[in-house]
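What follows is one structure encoded as structure tokens, with my remarks underneath.
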Amino acid sequence: MVEKDQNVNEELVTEKVLTRRPFSIPLKNYSKKTSKRLGIFFKHKIPYAESELKSWVRSFRGGIILLCLFLVTLIPLLLNSIVYFHVFIIAMVYAIYAASWDLLSGVTGQVSFGHAAFFGLGGYMCAAFVKFLGFHWFPSIIIGGALGVLFGLIIAIPSLRLKGPYLALGSLAFSLLMWRLFSMESLRFLFFGSEGIRNVAFLQSLTLREKLITEFILALIIMIVCITIMLVVYNSKLGTIFKGIRDDEYATEAAGINVTRYKLLAFCISAFFAGIAGSIYMLHRGNVKPDIFMSLYSFYPIIMVVVGGISTISGAAFGAYFFYVLNEIITQLCSDFLPSNLQLIFSNIATLFFAIILLVVVRFTERGLMEPAIKRSKDLWDLLRGK
Amino acid sequence: MGVILQIKNLTKRFGGLTAVNDVSFEINRGSLVGLIGPNGAGKTTLFNLISGFEKSNTGSIMFDGVNVTRFSTHKRVKYGITRTFQIVRPLHRLTCLDNVIVGCMSPRGKARSEDIGVDKLASTILASVGLIDKARIPPIILPFGDLKKLEIARALASNPELLLLDEPFSGLSHEEQMIIIELIKQLNYEGYTIIIAGHVLRELMALVPRVLVMNQGKLIADGPPKEVVNIKTVIEAYLGRGGN
Amino acid sequence: MSIISILVYGAALGCVLAVLAVGFSLVYGVGGIINLSHGAYYILTAYIVFWFINANIVAYPIAIIIGLSLIALLGIVTYLALIKPIQHNEIGVMIVTFALAFLIEQAILVYEGSKPEEIKDISLIPFAKGQINIFGTQIDAQYIVIMIAAVIILSCLILFIKKSRIGKAIRAVSQDKDAAKLMGINVNLILMFVLTLSAVLAGFAAILYVSVSPIYPNYGWEYLLISMSVVLLGGLGSLPGSVIGAFIISFSRFICFYLVDIPYNVAYSGIIYLAVIIIMLIFRPCGILGKKERT
């Protein structure tokens, strides 16, 4: 023990009061009561959100996001064309899906190359509950998400309790396994076979236009809720822990965080929202087929997030809209202008093109395209305002 | 006071290499102990074993009466053992404040912050190591001395009993070293038990009342610095700069 | 069918998978790189060889050389253009190789046209004809050729790594990159070499096996995952383990095929390796021969 009359720097002593090890907290306070566990989620998250909300809205970034949200709500309603509703509904589905991937892979650093598994499982579970068990669609969406998480844990728990790129391997294997299992005719009784689940009734009593508008509004509301939740998590202390895990798993563990538990938490949130996105997708299309597990659907969130800005959540939504709308525009142009024999391979050319974009963006940028774009816009805005 | 850490016959082998060889010692609560030895003596491995980054082959670690030998790292932090890294590991994309907040989110850190809130606790810890003006800055652009301080701050955030500081002075200028030494003195004054693994002997020997010496995995000396430096085996082992 | 069939087919596939997986394991063991386009290298080589043969431009041996050279070139380009610039970013490397794999798959689909699932006419490859009688069962002689070729390739590889200077350098880099650098080894060159080598090995595996087994563009993921399962089984970074793992995977596939698939008319053998991945992750992620990871 250092003797008291040794030369102790006075400056450092000022804050002594609060940093002094006190009343040695007895270990029994660390019991794992559920309320204390949920405490991390609620205690720090909600107060933070309330006070930050106002300033966020006023910030440039918040303003841009809200503006875009306003536009994407308005455009289809104004144009009032069925095609636009259809496109924007699916874009919203991808926004939720991409944001969910970003939360796990970008923010927490656990890259998943088989996110389609949770997307598809959500769709299948929701379809099964709606069609075969007669549930109302709303709880079915939630159940779709929840069951996607449950089955996803089969691969998540073994992968995440290890430190290293195991989830990347495991998720890829899991999604391929899902694709195989759900395509197998021999397992039709359990996995519905290559036909999937068809004719899922959703808002059947409405006309096509009414149905689309309703779907659009529902998807919009669900998307706003989901992404808001993810943004709140991102900005909360929980998000800080996730980002710490991404930066250095070992250092975060050394700081006392149970890294495995938090990785699993990130996974559960991510898979849940991916499942919800899959459920909405299924409800919109009215059916779900095994091809939803193909690697293409795992590719989509990756390119959307990478372009939109990895580890930003809102960037995922931007990227999703950007890509999906771009995809649709190109498809439309091609079906208008290309001869029919080329159209068949068109979708492959488009995907090829997107793969090249992904390659280039990952190779040359750290933060995706949206972040620099927003920064440039902000600088311009400040310039215009005369700063 | 009493014994807080009891190491018995701790051994760690990596293939053919025995990094830590049958090491035993006791540390009293509130004491300040140095751990010295040439490069490769096994100091960092010993720290890894005590903090849970490696699991020992044989031997036991008793902390505060609890057998923590098989516990994972974060569980040991829950019981009060934390460590810093010789090569600093800041969470590079977070701010300094967030780095400390991560530590405050551990079970003990959270319990400690119940009355004043995590942000305030983290700020106070940053202030106590002298980094408060850098709270919103990411560690990437900080000088090395500040990164060492950040390591200590993050370790403090989880409200530990025992601090294992792995080479907290290495690579620092003389002034920066003095600052860290003052910090360590103050922490020990407040009651933290601290083990410092190090090389820079002059300052370390002046600082600690007791020193453990390792060489090639074995503990070869244990006592006050003035006695230890005169032991033949210690002199024979490579002592590094500034020996006597 | 007979035990002989299982043994021969299993051994042949095992040899092929060993060649394929060793490449993947090398890249991870030496460079810490997970090359998600490894499976794409496999199918690309196969398709290149097919395209040249189909177009009747060159003879088969030349087509092989062209195929392997092109894939080696792709390996070099992959390393220099894609991996090396972002090698500090592990996640980025995985995404970039994933994108490359996707790109290759789509490129093949574009070139192939509207029916991506055509079964390739494997009789175009003029390999060993006829059948051999082994202990009473008729086996295509091709399988024996495959095994012999694979054994030769693997032996050359082992000799190369053990005896040559580059091999020594490779081993040095795999143990400690920074120390190797300090010793004057050009680590980047070695990593590029290893990646190219793994691409060529994948190409060899493709050329060998495609003579007896059809190929589809989306098989790339299959072979990537098979490589991963073999390497997980054998332990990430352990070459002998990969060989053992390859045989475990291949034999389990064929045993399942004969014992389960045929009698019950199902297709489980195709997903056995996926179950292996999940089981290995749960129970023994360091693999059968691998070293235990640090906590």
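Per-chain residue numbering starts at 1, and chain names A, B and C are given in the order in which the chains are listed.
To be clear about the criterion, a contact is a pair of C-beta atoms (placed from the backbone, for glycine too) under 8 Å apart; a residue touches a chain by one contact, two chains touch by 3 or more.
What you are looking at is a predicted structure, and each value in this text was computed from that prediction instead of being measured.
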Chain at the geometric heart of the assembly (C-alpha centres): A
Farthest chain relative to subunit A (centres taken as mean CA coordinates): B
Intercentroid distance (Cα basis), subunit C paired with subunit B, Å: 46
Whole-Å separation of chain centres (CA-atom averages), subunit A against subunit B: 39
Subunit A-subunit C separation of Cα centroids, rounded to whole Å: 33
Residue numbers of subunit B (touch at least two other chains): 53, 72-73
Multi-chain contact residues (two or more partners), subunit A: none
Two or more partner chains touched - positions in subunit C: 294-295
Parts of subunit C lying in touch with subunit A, wherever the complex brings them together: 34, 36, 81-82, 85-86, 90-92, 94-96, 98-100, 102-103, 106-107, 109-110, 113-114, 218, 221-222, 224-225, 228-229, 232, 264-267, 270-271, 274-275, 277-278, 281-282, 285, 293-295
In the complex, subunit A residues that touch subunit B: 1-2, 4, 6-9, 11-16, 18-22, 24-25, 27, 29-30, 39-40, 44, 237, 240-241, 243-244, 246-248, 250-259
Touching residues (chain side subunit B, partner subunit A) in the complex: 30-32, 51, 53, 72-75, 77-79, 82-83, 85, 89-94, 98-99, 101-103, 105-112, 116, 118, 120-121, 124-125, 127-128, 130, 154-159, 161, 182-183, 185-186, 188-192, 209
Of subunit A, residues touching subunit C in the complex: 105, 109, 111, 113, 154-155, 157-159, 162-166, 168-170, 172-174, 176-177, 180-181, 184, 186-187, 294-295, 299, 302-303, 306, 341, 344-345, 348-349, 351-352, 355-356, 358-359, 362-363
